[in-house]
Amino acid sequence: MNEKIKKASRHVSQSEGLIFEKSSPGKRAFELPPLDVPKAEPAKALAAHHRSEGVEGFPEVSEIEVIRHFTRLSTWNHAIDLGMYPLGSCTMKYNPRVNEFVARLEGIATEHPYQPQELSQGCLRILRLLEKSLLEITGMDAITLQPAAGAQGELTGLLLIRAYLQKQGNPRKKVLIPDSAHGTNPATAVIAGYEVENIKSESHGQVDVEGLRRLVTEDVAALMITNPSTLGIFEQRLPEIAQILHAKGAVLYMDGANLNALAGITRPGDLGVDVMHLNLHKTFSTPHGGGGPGAGPVAMKKILEPFRPVPILVEKENGRLALEPVRPDSIGRVKAFSSNFGVLVRALAYILAYGPGVRQATEDAVLNANYIRRHLEGVYELPYPLPSMHEVVFSDAIQKKNGVNTMDIAKRLIDYGFHPYTTAFPLIVPGALMIEPTESESREECDLFIDAMKAIAEEAATQPEIVKTAPHTTRVRRLDEVGAARKPVLRWKPAAPKSTAAD
Amino acid sequence: MRYLPKSPVERQEMLAAIGAKSIDELFSSIPEKYRLRAPLKIPGPYSEAEVIQYFKERAAENAIGYTSFLGAGVYNHLRSVVTDTIIQRGEFLTSYTPYQAEISQGTLQAIFEFQTLMCQLTGQDVANASMYDGSTATTEAVLMAERLTGRQRVLIARSVHPEYRDVLKTYAKNSGLRIEEIPFTASGTVDTKALQGALKDDVAAVVVQSPNFFGAIESYAPLAEAAHSVGAMFVVAIAEGVSLGLLKPPTEADIVAMEAQSFGLPPSYGGPFAGVIAAREKYVRQMPGRLAGQTTDSEGKRGFVLTLATREQHIRREKATSNICTNQALCALAATVHLTLLGKEGLREMAQQNLAKAQFTLAEMLRIPGVRRTFDAPFFNEFTVEFPRSVKIVNSHLLREKIIGPLALGTPYPELTKHALVCVTETTPRAEIERFASAVKRALEQPI
Amino acid sequence: MAYPKSFRYTKEHEWIEVKGDLATIGITDHAQHELGDVVFVELPKPGAKIEAGKSFGTVESVKAVSEIYAPASGEVIEANGELQNKPETINSDPHGAAWLIKVRLTSAAGISDLMDASAYEAYIAEKGKETSA
Amino acid sequence: MESSTTSQIRALRKTALNALHRHLGAKMVNFGGWDMPVEYPSSGGLIAEHKAVRGSVGVFDVSHMGDIRIHSGKKPGGALEAVQHIAMNDASKLAIGQAQYSAMLYPDGTFVDDVIVHRLGEDDYLLVINAGTREKDINWVRENTKGFDCVVEELSDAYTQLAIQGPRAAEVVQKLTDADLSGIKNYWFTHGTVCGLKNTLIARTGYTGEDGFEIYVPSDVATSEKVWNQVMEAGRGFGIIPCGLGARNTLRLESKMALYGHEISDKINVWEAGLDRYCKMEKGDFIGRVALERAKAAGLTRTLVGIEMIDRGIARDEYCCCNEAGERIGVVTSGSPSPTLSKNIALAYVPPAYSALGTILYVEIRTQKCKAQVVPTPFYKRQKKAAAPQVA
């Protein structure tokens, strides 16, 4: 065993203050070319609106200081590039660098959304090919690439459903959401003007189909389901669930957050899903960047097509493409300008690199999850034993006996050079450990992770203190979140000059 | 496949370890009849070279080599290579939302610095860690005002970016919000009289943009006064952040919604950008989106965490202030690095150059027979002019000279068909401005 | 911490102390314990009406928000402003300094049906078993 | 093992088997004031002795260990209260005939000594303590049990204590007794006739990480030698050999069992030693508890890890551990070649930041810095469900 545990990383602890604390008047990190037109007189041109001073408190530093500052900050982060990042439901896979390269090409990054469409055919053809590819992968009929992220995709999807039902005379009242769902689902349903009704999962963590049958009434607009569920389990009776909803005129919405378990293997469209969003920053490898930007395209069946948000991408005669700003039944705009285009470019670059081989990525992701499950079963409790897809959810039940909980284990994992898995989610598993390795992990990396998890289990059993006080290797120890919330300090302020302190 | 770190043998060995005969066994929970047999019909697999080739070909079908006079919410400013160098560091590029504070201090401190910069720019007390863009930020600001006032009527100036207004209407549709638009005056700014006429104690928010869609700068004080007189929130949207290098910040505002694209983010055909919401401290608990806060660790060392998380969807679910989860963190980081590079002087100098070029361009335009200035309000780097003939026709002539002309206002504002929104920044060389002017002159001389 | 005999208690872990038609309302020691470090309290303004069984405010810890339900109906005459600056009082003195609101009762109906101290202690002991089981 | 601390103020103390050891040609050393066999060259020496215990069976004279009996006075329960007060494990959990690993602590949460607590009867406990700390321990127990209604007597000199250790130990001892040993679980004991001596305490305990028994017989030379010889006789078929303190040390080290003055001392607290699971904070008050509460809140500053040398060289007690940067960050408490693993292993205290398995450390061996890595402990775990208690 000890031969295998090679990985143990320690985080750089360079001390680095706030950039504002380095500021000294007169330092410059950026110089503009000389002005080649007559200087304007701001005071005259802007009159009362003129701000004569520069922005108060803005830093004044040199270029090397900026580079060092942010480089040092960067060393305090864990990242996919440093090692496995098994955050369940986040699909932290490798972000190919060529995607970054092409997104920055002149003619791609430089294009203005209002430039004439005859001068934007390149952009539009990128959008078109991405649309077609995503439709093929999801088995849907129509799609919009506009939403800026998954949550906005959810909203778009629900607005489509609402518009569709409205058109038939009754938008209906309720949206059903399983208790295992992501928090964005209920939050979104409310913004779309629906009441949320939570539905309990049955003992195996699947949707209780019989219970559902009773719940689906004329009042129900849709069911928002995540498949595979947040337990990493495939909803085997999805087609039946779709029928139940359709029979009552309701719509089946699928949260595509976990598409990484399905791409190339099966298609939500074929399973009876009517509308779904995709998280391009999950399944399609666009970088998470510390929390965005993302993109949340929404794919749908024919019935919802007329309601897509504008602008709509259409093919004109002789293959020209155009974005049309007006559609009678459209739900309107969900975001200014066409979309998070730069993110879409990266997603297409990913798809092109794989082609139909995207199936292999899915297989590897599921292989990794099951490999880890196989080796940690018993060491950690597996609350729902149904087959795992791309992620596996354990609980801390065994370690709890020694007062060690999922957060402690997660923090100790940091000392072993891994980012923690997702803790305490899904909510239906008390003390959940939600592990999603993705296809990007080699067997070696999986083994390192398994060994680390076993070592921690052993520590939890014999010397829990070392686990409960983890992490020990990071720049900062556990932080005082209570203090942060009681007396929020949300911005830097210059220290008050001594003199004023008196009065 | 070059992204997949497994050999066929390793796959077999791992399957064996799991106790599965074949990979298909791992998908046994998917009903047989729903499993794909045929490979997906999508192009690829492409080598890296082929991927680059594909996008270079697409790029060639776009507007390379043209000089543009477009702005209207998306601005072309100088960007330092330093910004791109930093945001392409794997530790920033390939990390997730900083929920695990101990190994996300880099991202968290950068967000804290972003929040500080945004407060300094807007003259507000608190700013969040970013929204999707200016349009959704404006919408979220309105929803925030609705929560704070418990009112549902919203007055928004017609001089606010048309697409910002469209997005607001989309969100409002089902939340019971009633959106009413306030006209603009002959000087291109909000019609205060009309506003006062519409103001009642059922108004949640008064929303204006400055510089507004026409480039005209609004006077905050009277608008704020009017809004506050009936207990409404005064919401200011800012689409061109660089203007703040030279313009007084909207300190009279209760909530500011800003687009940060001008701070180091390329136009990128409309996104990704970064929205900002800044507000008075007392409203912080109704703010949407993430917030980084300063605190200390068990050894008293300064550190940062995501705080006031109980506002957010992952905890409050259906009661959350917003459904936003992923935001635009990397774009916010780019803005932070960019503004840090510019600094106090750099931003001011950049703003001054924008103003100077815009003034120069207007002068050049006005020397053309038949061209008149539409509005007389002060402006920053955008202004509207009226042509003696349709802007679309003028622009079609300009295209032949590799110039992308100003935005035709006819579509969003039918009454302004012959009016155009001209934008220049520090990146527009004098020579190009002069070439543009003479091209317009020629275009207007062309027989129809 | 002892549960004052003079209080009545709800299943949602609020307490109410009635003096004539005036009543003081707070959350119990058990509640603050379940909640953990309290970081924020949201209370109605004086003049607001509260209705028995309906939520009249929230108590927040770092990662949880809990509704506070009114044990009885009435009009708020005072809200404990101290808690805005010192929410931690709820952890240290839930039955005393950390009272939430004082109300003028519109009716005393239902209050007698609430649990007394011993019944409440039995109730939380019972809950304790369930959760540990 | 050479303990230079006790200079020859008074004559070395001898166990009843001292002459026999010398007769067997044992190499004798001063161990904590005792003249003890470190190895028996005649039977192959340390390595052979070590391997015998791991592979079959060996016998140790551990009569130098101390024994303290605590039983109640008039009031029932007094003995338990006293034991609960002076030892950190929860003695109330003990059934009659059961033993537990525990430790006596100073008020600051550091160690007086580690002990094995046997529950002999209703209100009757036997604490087995270390040789080097006998006087200190007995005084400490007397001092701190005053307030309780109990009787404390030292029995150390009354017994010759033999440890028969190894996978075949049970078979050997079974030959000598009428008691059914198969019914005695690890860390349980019984009384039976051994070598004709009635009512002899037979405990399934040890300090080697192997299965094994410790028997307590009258300490007169004749009886002691008779029993020793019968044990040797009974074990002949299993290749039993006499083992000295040298093998005892390498055996306990492989099993990461603490040795007073090394892994545990009056400078080290329970959390640092990683003895969490033998310290029952929830049992109520005991000496050291308050300090341990505080220490818990303060967090760990060092923790005990097992290391394995990657470079050549043996990490010995007191050697310094350094990080990549060459800063001294920790110290070795015990180190030696491991006969079982044929690797050089050691235990060391390092800051928690260096505790993750796989962490690379450098041990200063004289002038050189030798590379080592943190490895899982115990270094050796016997193939059996119920493992002997270890310093995790």
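We call the chains A, B, C and D, going by the order they appear; numbering starts again at 1 in every chain.
Rule of thumb we're sticking to: contacts are C-beta pairs under 8 Å (C-beta built on N, C-alpha and C of every residue); 3 or more make two chains touch, one makes a residue touch a chain.
Keep in mind that what you see is a predicted model, and the values were worked out from it rather than measured.
> How many angstrom lie between the centres of chain C and chain D, each centre taken as the mean Cα position?
55
> Averaging only over C-alpha atoms, locate the centres of chain A and chain C and give their separation in whole Å.
Inter-chain centre distance comes to 38 Å.
> Quick one: report the Å distance separating chain B from chain C, using the average Cα coordinate of each chain.
45
> As a quick test, compute the distance in whole Å between the mean CA positions of chain B and chain D.
70
> Scan chain D for residues touching two or more other chains and write them down.
Each of 299 in chain D touches at least two other chains.
> Which residues belonging to chain A are in contact with no fewer than two other chains?
Expected reply: 477, 481, 485.
> Residues touching two or more other chains, restricted to chain B: which are they?
Each of 298, 310, 315-316, 319 in chain B touches at least two other chains.
> Taking touching chains as linked, do they make an open path (line), a single closed cycle (ring), a hub with spokes (star), an all-linked set (complete), or other?
Other.
> Each pair of chains that touch: what are they?
A-B, A-C, A-D, B-C
> For chain A, which residues count as touching chain D in their complex?
Touching chain D from chain A are residues 1-2, 5-8, 10, 402, 415-417, 451-452, 455, 458-459, 461-466, 469-470, 472-473, 477.
> Would you mind writing out the residues of chain D in touch with chain A in their complex?
271, 274-277, 296, 299-300, 303, 308, 351-353, 355-360, 373-376, 390, 392
> Considering only the defined contacts, which chain A positions touch chain C in the complex?
By the definition above, chain A touches chain C via 481-482, 485-486.
> Under the stated contact criterion, what part of chain C meets chain A in this complex?
So the residues of chain C in touch with chain A come to 37, 39-40, 60-62, 87-88.
> If you look only at chain C, which of its residues touch chain B in the complex?
Checking each residue of chain C against chain B gives 40, 60-65.
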